[in-house]
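Attaching a single structure in structure tokens format; questions to follow.
All chains are identified by letter, namely A, B and C, in their written order; residue positions are counted from 1 within each chain.
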Amino acid sequence: MNREKRYVMVVDTRLCVGCKACVLACKAENNTPDGYCRDWIVEDIWGLFPNLRAEIRSERCNHCSNAPCVDACPTGASHKVDGGIVLVDHDLCTGCKACIASCPYDARYVHPDGYVDKCTFCAHRVADGKTTACVAICPTKTLHFGDANDPQSEVAQLLASRRHKVLHPETGCEPNLYFLT
Amino acid sequence: MLPTLLEHTTTRINAEIDPALHIWGWEIAVYLFLGGLVAGLLILSSLLLWKPREQTPSRILQFAPLLALVLLSLGMGALFLDLAYKLHVFRFYTAFRPTSPMSWGAWILVLIYPVAALSGLLALGPDARAWLLKKLPLAKVLAWAERKRQALLGATLAGGVGLGIYTGLLLGTLTARIQWNTAVLGPLFLTSGLSSGAAFLLLFKLDEVDRHRLVRWDMLALVVEAVLIAAMLLGFANAGAAGQLAADALLGGAWTASFWSLVVVMGIAVPLLLEGIEIKKHLPLVAVTPTLVLLGGLALRAVLLAAGQDSGFRMLP
Amino acid sequence: MAMQRREFIKITGMTALGVAAASSVVLPKASQAAVDPGTDGDHTVATFCELCFWKCGVLAHVKDGKVTKIVGNPDHPLSRGALCPRGTGGTGLLYDPDRLKKPMIRVGERGQQKFKEVEWGEALDFVAAKLKDIAAKHGPESVAMFAHGFGGSFFKHLLNAYGSDNVGAPSYAQCRGAREVGFQLTFGSALGSPEVIDLENSRAIALIGSHLGENMHNTQVQEFAKAIERGAQLIVVDPRFSTAAGKARHWLPIRPGTDLALLLAWIHVMLNEGLYDRDYVEKYAVGLEQLKAHVADKTPEWASLETGLEAAQIVDSIRVLAGARPAALLHPGRHTAWYGDDAQRARAMAIVNALLGSYGRRGGIYYPTKLGVPKYPGIPDYGHKFKPAPDRPKGKAFPFADESLAHGLRDASIPGTAEYDIKAWLVYGTNLMQALPEPKKTIEAIQHLDLLVAIDVLPAEIVGYADVVLPEATYLERWDDVVVTPYKEQYIAVRQAAVKPLYDSKPGWWIAKELANRMGLAAFFPWNDAAEMVKARLTAGKFDVESVLKKGVALGARKPVFIEDGAPAVFATPSKKIELFSQQLADAGLDPLPKYTPPEEPGPGQFRLLMGRTPTHTFGRTTNNRFLSEIYSENELWLNAQVARELGLENGAQVRVVNQDGVKSTALRLKATQRIRHDCVFMVHGYGHSAAGLNFAKGRGADDAALVTRTKVDPLFGGTGMSVNFVAVERV
């Protein structure tokens, strides 16, 4: 059967210790300039001492199915490729920053070279059949990457069996970064 | 129910993104302001020149459309300055992306140039035309334009309206910014553009009828602007947590002081009052009122631009 | 609603512009492939990490002679392909612009950090001559070495050949020593590193003051997460709502210093409610009756008053832990030098594990196994008996210390205070100014030395006090010895140079060998370089050298490590049993069962100073690493938010702390948080550097070690309890 792929990342917040290995592995893999990151760790704490609850999330571009950045881009630089991965074509980008403003997750930034940059789901690795750098490094197996449209995939099974959420579903962007809770 | 979120930390420290989004500075504020002003100038000059006049219009009216193009070029210059990848500016014109207001804007701007330039020729009085024809072989063009006068003025008017709304939509479609997530922004920027256009013309010598008309139009625009701002705030009040956040910035947050003092009081209320007095008492308050209106228009863009960038979803639970 | 609005605006936009949505035109079309950032190496080198001391296997990607990135080695049992954040940061060390670049000899006063750069020959001649002179005058045992890091093994070898075995690592008396002593006394065996615990199969795990997840020992955190994924229950005892506490079923925010009260109450409940492995205890343990009597009055209600915890939570938490026995683990911890009764606390923790029946069991503590590799084949015997270390004050006995006390060797440098004087220090890769308590005493001791040699990669504070500075190559630029680790799986691993040493730095082997040559000890360094030595060892051990070097690791056959799988239940105590009651301690005149002493209370306006880790750093060693500092570049002072409000301090304020002896810290940022008790403050260790050469780390955050002006000494082994200092917080 020839179905369209939908790459997603599944983040198990129960396992994540917020060690930031994903952040640094991404920086090393993608040669991200100093002072910038494509993924990051958020820690949320609810409550008052001693009744506290914590959630740690490894966040990045959501590669939204209904991506506002792609819509906002005047030149076609922000675009979708196979599996729904959202990429920025450096050659087409004017650095107008409309995409940055359009992203509810603030996942993008201007690369010092002028173009807008962000997580690529390591598309260059995925094309080689490898997983993303952040997934590969993760010591707690918090991160999972794969094709949600393939029912046999780990991500599809996790989403089928575990309680999960996305961030800001109210934006209607249909994000593809899922958080197991 | 979730207990209150008390502590939120992130490792992300991307420049211009964190801790608060700040990707657009004065360049875009100026661009939006000049865009609105140009829109206003094009609309008003088209309306004022709609019917051919027997008397030569005042000098500023003759040159208004061409002046608008100069201002538009300045605005585009500001936009250009903001681009992070300036060498790729031509990429705006190797694509048309109907979902992207930025793309629409880029194309509207280039479409406006020929239309407004032709209107500009029409607006010129006999002396100016004669002078121009001596310098440039435009006789045929001018004749053609005269034949299409209504159509050209109509197109200029439409272009102005499009440009005015576009400057608002540019921000308004960026719904990730809660502050901009309001349908009012397009009409608000258009109205503000009209009022700025009127104010700009009022800075110059006009004949009494035009002047009177423009003052009245400006007053009307200012009132509509005030109503739209009220509508925007009311809209926020009815939009849950996100609206609360959007309203907070203007009603009790970082941007409250500048918004109320510069935009509402100095940019709308005081000029309205002064123009009211001017109309009633026939007092010539030449430069002060229009200057305030123009500064108010610039402040409106600057404040909403800054407050809006600062109002991301990250602030919501 | 927002979605509709977005659509609405889009539609209004279109209509207002008076154009029906046209289809998108993009010329040229955007590229369908992502740009390859090109960080894959043209080859990879399998080696192991030294950003901390866990020794995870890594693959260094090398391209055009530069290390482009470092990833986990999937064949290595400690990394299993994954790495902690520091592992990736090896490039930040290798390419640190502040590295020591040339040998240096001191020209100013000690500590003035004034040096002249010299050639290796001159530096080595100087050191060798000085060492020979010291041996002649004071005996070779008057030379001590302080070390942290695997590369130190060659210098230990050199020192042993020279005639001294006085090697002190702050990782013992200032860190994990208490735990080793407590478990050794109880089970007859220490836990080592990696700790011989089978976290991944635990059904319930209790942590006491151990903050796994912030403390990023790769394999252990991997297993910790795996246990959580498998539904293990977690109990976290910590005054701070640590990362681990955020995942716990029970978080016990204990009053600092009262852990032993909690442990005794837990034992009380276990014995009272029969929540222990009767057969196991009957078969393998001695002293149950004495233990029962000892804890008879240590009720949860009693402990509640001491610990500030609710009695019900004390009971519930131990029921959860004990309910999973024997696949239940009270984690022994690692940094355990807290309150001076630390070895006894570790004893109590060992006793809990004994009652759980977890020693030798799956999901508990396993019997490690290791591969045999001949040590330095063909090297002559050292040929001398080493004098016992003068690592304690004259006449003072710490009967259960089984490693040298680093602070004791320091103190022995102050003439006349120990059995004999230490006259020279070799300091390898350990910044004694931050690693030892009472830094003033360290400075005083240094003033009495005839020689201080620092072998290091970066100009840490201690380097500034050296007479001679020898710049070592980083772990990515050198070969080291073969590592043979007792672990669940048998394996050996090699460290191989990925790139050539930068600047004029040299591998540790080369430095040690060159010194040996100059000191008449050449016979002990018969190989030209460490690579030759490693190959000789591997060949002698009958390993396939090529395969080991390719994979970086060689695995041995699986051996049973749990009693249920056939591992023999051995307890190397005098009784050959688990000693709940310790006759050894009784014979030494010490408490044979752990006794609780209430801790000192902080005075008004004072807070107990606690310290810990952040996942991206290995204390002061990595704080100059710019790559790692992208995440965390300065430490913060955690203070309870309510207390902060009362003190008029807002989150993010610049503050400093002042300890009971008036020592002031440098400024650091306040983290006013719900995540910590009201009676203590917390900071990450390793900040507040002052060394002039640490251009990045210098002046960032505050140094907790400087505030440790007093310690409580453990009577069992001489460890220095350091969480006994109190500080006030003030705005800068």
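In the analysis below, a contact is a pair of C-beta atoms (placed from the backbone, for glycine too) under 8 Å apart; a residue touches a chain by one contact, two chains touch by 3 or more.
Source: prediction; values computed, not measured.
Asks: Applying the document's contact definition, name the chain pair with more C-beta pairs in contact, A-C or B-C.
Replies: Per the contact counts, A-C leads.
Asks: Just to be sure I understand: the centre of a chain is the mean of its C-alpha atoms, right? Then which chain's centre is nearest the mean of all of them?
Replies: Looking at where each chain's C-alpha mean falls, the closest to the middle is A.
Asks: Rounded to the nearest whole Å, what is the centre-to-centre distance of chain A and chain B, using the mean of the C-alpha atoms as each centre?
Replies: So the centre of chain A lies 36 Å away from the centre of chain B.
Asks: Give, as an integer number of Å, the spacing between the C-alpha centres of chain C and chain A.
Replies: Going by mean C-alpha positions, chain A sits 33 Å from chain C.
Asks: So what's the Cα centroid distance for chain B and chain C, whole Å?
Replies: Here chain B and chain C have centroids separated by 62 Å.
Asks: Touching at least two other chains at once: which residues of chain A meet that condition?
Replies: 20, 23, 35, 37, 45, 47-48, 53, 68, 71, 75-77, 91-92, 170-171
Asks: Taking each residue of chain C in turn, which ones touch at least two of the other chains?
Replies: If we look for residues of chain C contacting two or more partner chains, we find 1-2, 6, 10, 24, 26, 28, 631-632, 641, 673-675.
Asks: Tell me, which residues of chain B touch at least two other chains?
Replies: Counting only residues that touch two or more other chains, chain B contributes 6-7, 11, 94-95, 97, 99, 101, 173, 175, 242.
Asks: What residues on chain B touch chain A, complex-wise?
Replies: 2-18, 21, 23-24, 82-89, 91-92, 94-95, 97, 99-103, 105-106, 170-171, 173-177, 242, 309, 312-314, 316
Asks: Which chain A residues qualify as touching chain C in the complex?
Replies: 12, 14-15, 17-21, 23-25, 27-31, 34-35, 37, 45, 47-50, 52-56, 68, 71, 75-77, 79, 81-82, 85, 87, 89-92, 120, 122-124, 127, 133, 136-142, 170-172
Asks: What part of chain C is in contact with chain A in the complex they form?
Replies: It is residues 1-3, 6-7, 10, 24, 26, 28-39, 68-72, 81-85, 87-89, 91, 212-214, 216, 218, 221-222, 224-226, 228-229, 241, 243-247, 251, 253, 615-616, 626-628, 630-632, 640-642, 673-677 of chain C that touch chain A.
Asks: Would you tell me which residues of chain B are touching chain C in their complex?
Replies: Chain B reaches chain C through residues 6-7, 11, 94-99, 101, 104, 108, 158, 161-162, 165-166, 169, 172-173, 175, 181, 183, 186, 239-240, 242.
Asks: For the complex, which residues does chain A have touching chain B?
Replies: Going through chain A, the ones touching chain B are 20, 23, 35-37, 40-48, 51, 53, 59, 68, 70-77, 91-98, 100-106, 108-110, 113-116, 168, 170-171.
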